[in-house]
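Listed after this line are the structures, all set down as structure tokens.
Each of the next two complexes has chain A plus one other chain: chain B in the first, chain C in the second.
Here is the complex of A and B:
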């Protein structure tokens, strides 16, 4: 699970994230909504320890990421907006490398192929170089990595932007399956529809502050859009 | 973990043409360099053989001449009489003092193509033999032959920088860095894993090709000291390479893009390989200028002229000092001539000595300064170590000069008394002429000096790597 305690990040006086308190429990999908620069990516980067917090703590599975970065990452998988893999390696080779790097057991080729096909990648693509993959295919390898790593917490940064509706839908189904298996998922997105569909909770961010958060089951699609736009007005 | 990263790096990079282009470049340059060195060594060996054959021929001719003259078949004039110690000592019987190429000489031509490796030793004054060329600062001679040492000092760093300038920045630009660092891998581990693969690739290729080239070109590794020298050579090359990999890590840690890194690293290459050595050279020459060679030759001529002009007075003085050598009034002109020539040689050597001493003093001051400041650039340190191990540097040359000077003294001491006593040489006394014995430098001394340089290199490399790894902790993974 993921936990932010008074998490704050400031750059040269500009507050990118202000006093965020957030808990994403196992099986939950929390969607961060907000305009560009609202602090969504900053939050995710703080959980990955890619940037140090100005104050507050980010915890993964109860482990402070700033003081124990390597340990915390054992429970963490990350799918960025663009899953960039080693272009000269095949899908299977990439999957094999990233899972081994994460300290997982060494999977057999058949098992690796299973992970890829389960993530929706066509079996014949698995042996092709990633350089020839579309974005959707690379995102699927990203999902396969997260699945194979058996991650307890998943950080996603606009993973479906630029995907066609069908690919986007498939992606959402995979997320649901992962959260069904007990992963805590934190996803930054611009896609209100997808947030309502996949998310269990949504939070709206503005200028580094979490200005609203709610459960999706209590909302209709129209409600979410209305609330979002209300908050976007200055 | 490191192995996994290195293995992945290998799989990823082998699909790239750059690596194979670099491998091809290294292969050709290394083999060409070794070939060049080997042909120079071959030339030296043949020259020395030629000199020795000439010597043997002359000595056989002298013996034949002695027999002929004794039997009355010939009556040579005194100046080329093979029985005359004067004629034999000055010209006919002169022997060569030679410095054979060291076992690893083919690996580094060094300064050996500028400095003499054989002298013709006669009873004449020492300056006529040694020529006393200026010992060039090693740094200045970097633009020497295209040998293996040149490949290592100049091209190796470029190859290393070509495969590591984008070590981390490339991953960041490709986007794989974020995914990698979302796993429990630290940036230093990633950097070290990638370095490990690249270093293993470049060094293995370099080592295998160097040894293969060396063996093909006829280096005898069973020669005394050859194997430990070669091992230390490899050590110096490894330390030098690791220094450059360390620099690449350090520059990558600054978090700039790959293009900036490439520019910065080429700049550092210029500084360490070209700029510091040249500035150091200029600085040393300015601080301790060596008198011009023309000046030295002038001084010698003056001394020689003066000695000739004053020969009667000098002769009288000499005889006062050595009354036992005074030829009887009835002595033949040959004896008088011999005594006079010995006296004049002695006086000439005495007068020229201060000039030579001054020259030597300046040179050794330059050398001292060069020794002190060579730690400023790993390129200079490496060169010093490699030349020393190949036996083509300053140290072995000085060792040769000393041996040759001793031999010259031995020669004079043997011939001069015979000249003055106008002894007639027999065939047996030709065999008794002092023989030249080359004595190789003490391997322990060479290994000690080169070992110190290698240790200094290794320390520098370790320091740069350590700073690089520390700096990686502040690397901006995002932004």
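Here is the complex of A and C:
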């Protein structure tokens, strides 16, 4: 579903991402690990076509994102570290706006509310303006947008950083449900524990290169941490 | 998709307290300016009507008098004000609205409110036109500067773009949403303005003003669209909302405050006009010494005398069958008219050249185009002032000719000649037909074209910049 072919991005001489080859199939959760600046966000931005690749291609559902920026996004949902919403609109208005713009069918108010509560937002918060939301609540609206759009591929950029453990856990459960429904998920994260829990595969990135790449079922928590630290060491 | 964006933008703007405040203040100022313009229009219209009747009555009832004294007594001609002048008083406060038509002289206009105003008033006069040309663009900038720049800063733009929204749809939606919010401000003002027009304009004058009103409306909409387009383009391009705001405020200051002043000064220095004193002296000099400097008034009178003596084949003025004084004065009048035509013609040609520079400069600042167009459609621009002046001058010449000819034909041999009301009756009442819309539009073709060009350029800039904007 998500495919990177020799994907490379350089900013005036500095290589942010070097020759990444990666495939995330439907139902898979691929976690990108690595220090800040390792190339995780660059990878996600390339899939979103927010930045043009220096070389190589990123494909979503077989469609090249650079040459077909609008079509490729039809299958894609994106949840950044901070889901940003329009503060003067309510949660439900935000959801309605984002789903309408994504070209979804026009959902009824009740249906929109269902998406929000299914994402873990309290029903009474849905009609409040987003300006009063906590980060966790906004992330939930982000999830609701992704589910309402019925996205086949999810790009998550450190979606749980800053969330309390309970919210973080709820978020992981939601991801499991989405991938269970056949979504391909690519998630950048610092949270080794979550990566092991929710990920089916993990890749460790360093200086723009993917230096290691493994299945989580073959690993224990301690193993993942050890391998990660070994790579970070030098 | 455009409609979805537009609806959401409008909803957001309306929920924003800053918009509600600035809209309320602008609406208040606009309505205040229109109300003041309306009041002024009504006062002036009724005063003019009364003064017009009085001046006519005074002329007719001046009693028995020598015709030349009557010509000196003179009449006033009043420039009729168009109903739309309540939106834009134009040059009227500076050039005046009434001409005193008397013997020998083409007078400057009288009753210029700007003469009585303090410098402070001159700067800050609140008219519908100032609010529309200066304040509304500011409101548009404040509504629009953050359109893309803030969304980029906040990160909502990333999320929008991750949905696969077309950028041009987004830009159009934003333009529409902001227009919708503006319409909530402009619609009440328009309704009030049109109602005011309907109230003031008796006997079908409103119907007569409708084409002008529609064109004026379209002109201002185009002017607002220019600001909307430019603000969107800058917002898409700027690295931050702050930069966008500062850039746009810079443009606003240039457009509304610097350019009009600078262009007026520039036009004046390229095509200088003489001072009032110098102008009057030049005319006096030419009448006294002849336009070529070799034909002074005395020798012109002498030549006229010789010509008449030859014509009637007599040897002294006393033997002429007509009154020499009347003929001499009419000849002097006609010579004076030539001098006036030459000097006023040159002056107006200079003003016209200044006006062309002003209009041409709207390539740099769209405010200059709308300024010119707005005055033209309100009937208060300089060409329409000159048009009226010329009509008034023709009327003055008619009076003087009639008076002098009456003298020439009837005063012969009478030590004291008095004319009666029958002569005053021979002078028709002054009737002025203001130029039509076609005439006005022809005078402002350049402004119309440049405003359209600005409008298209702003739309292109907005679509170009939004298609190329950075998402992160």
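In this text, the second predicted complex is superposed on the first by the 234 of 234 C-alpha atoms of A that agree within 3 Å, B and C clash if a C-alpha of one lies under 4 Å from a C-alpha of the other, contacts with A are read in each partner's own complex, and residues count from 1 in each chain.
Simple rule for what comes next: contacts are C-beta pairs under 8 Å (C-beta built on N, C-alpha and C of every residue); 3 or more make two chains touch, one makes a residue touch a chain.
Since the structure is predicted, the reported quantities are computational estimates derived from the model, not experimental observations.
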{"item": "Touched partner set for A:162, first chain B, second chain C, both or neither", "value": "neither"}
{"item": "Partner chain in contact with A:89 - chain B first, chain C second, else both or neither", "value": "both"}
{"item": "Touching partner for A:120 - first (chain B), second (chain C), both, neither", "value": "neither"}
{"item": "Which superposed partner A:37 touches (first chain B, second chain C, both, neither)", "value": "neither"}
{"item": "Shared chain A surface residues [contacts with chain B and with chain C]", "value": "45, 48, 50-51, 69-71, 73-74, 76-78, 80, 82-86, 88-89, 93, 97-98, 100-103, 142, 149, 155"}
{"item": "Contacting residues of chain B [partner chain A, same complex]", "value": "1, 4-5, 8, 11-13, 15-16, 174-176, 178-186, 477-479"}
{"item": "Residues on chain C engaged by chain A in the complex (per definition of touch)", "value": "1, 4-5, 8, 11-12, 15-16, 154-156, 158-166, 471-472"}
{"item": "Chain A residues within the chain C interface of the complex", "value": "45, 48, 50-51, 69-74, 76-78, 80, 82-86, 88-89, 93, 97-98, 100-103, 142, 149, 155"}
{"item": "For the chain A and chain B complex, residues of the former touching the latter", "value": "45, 48, 50-51, 69-71, 73-74, 76-78, 80, 82-89, 93, 97-98, 100-103, 129, 142, 145, 149, 155"}
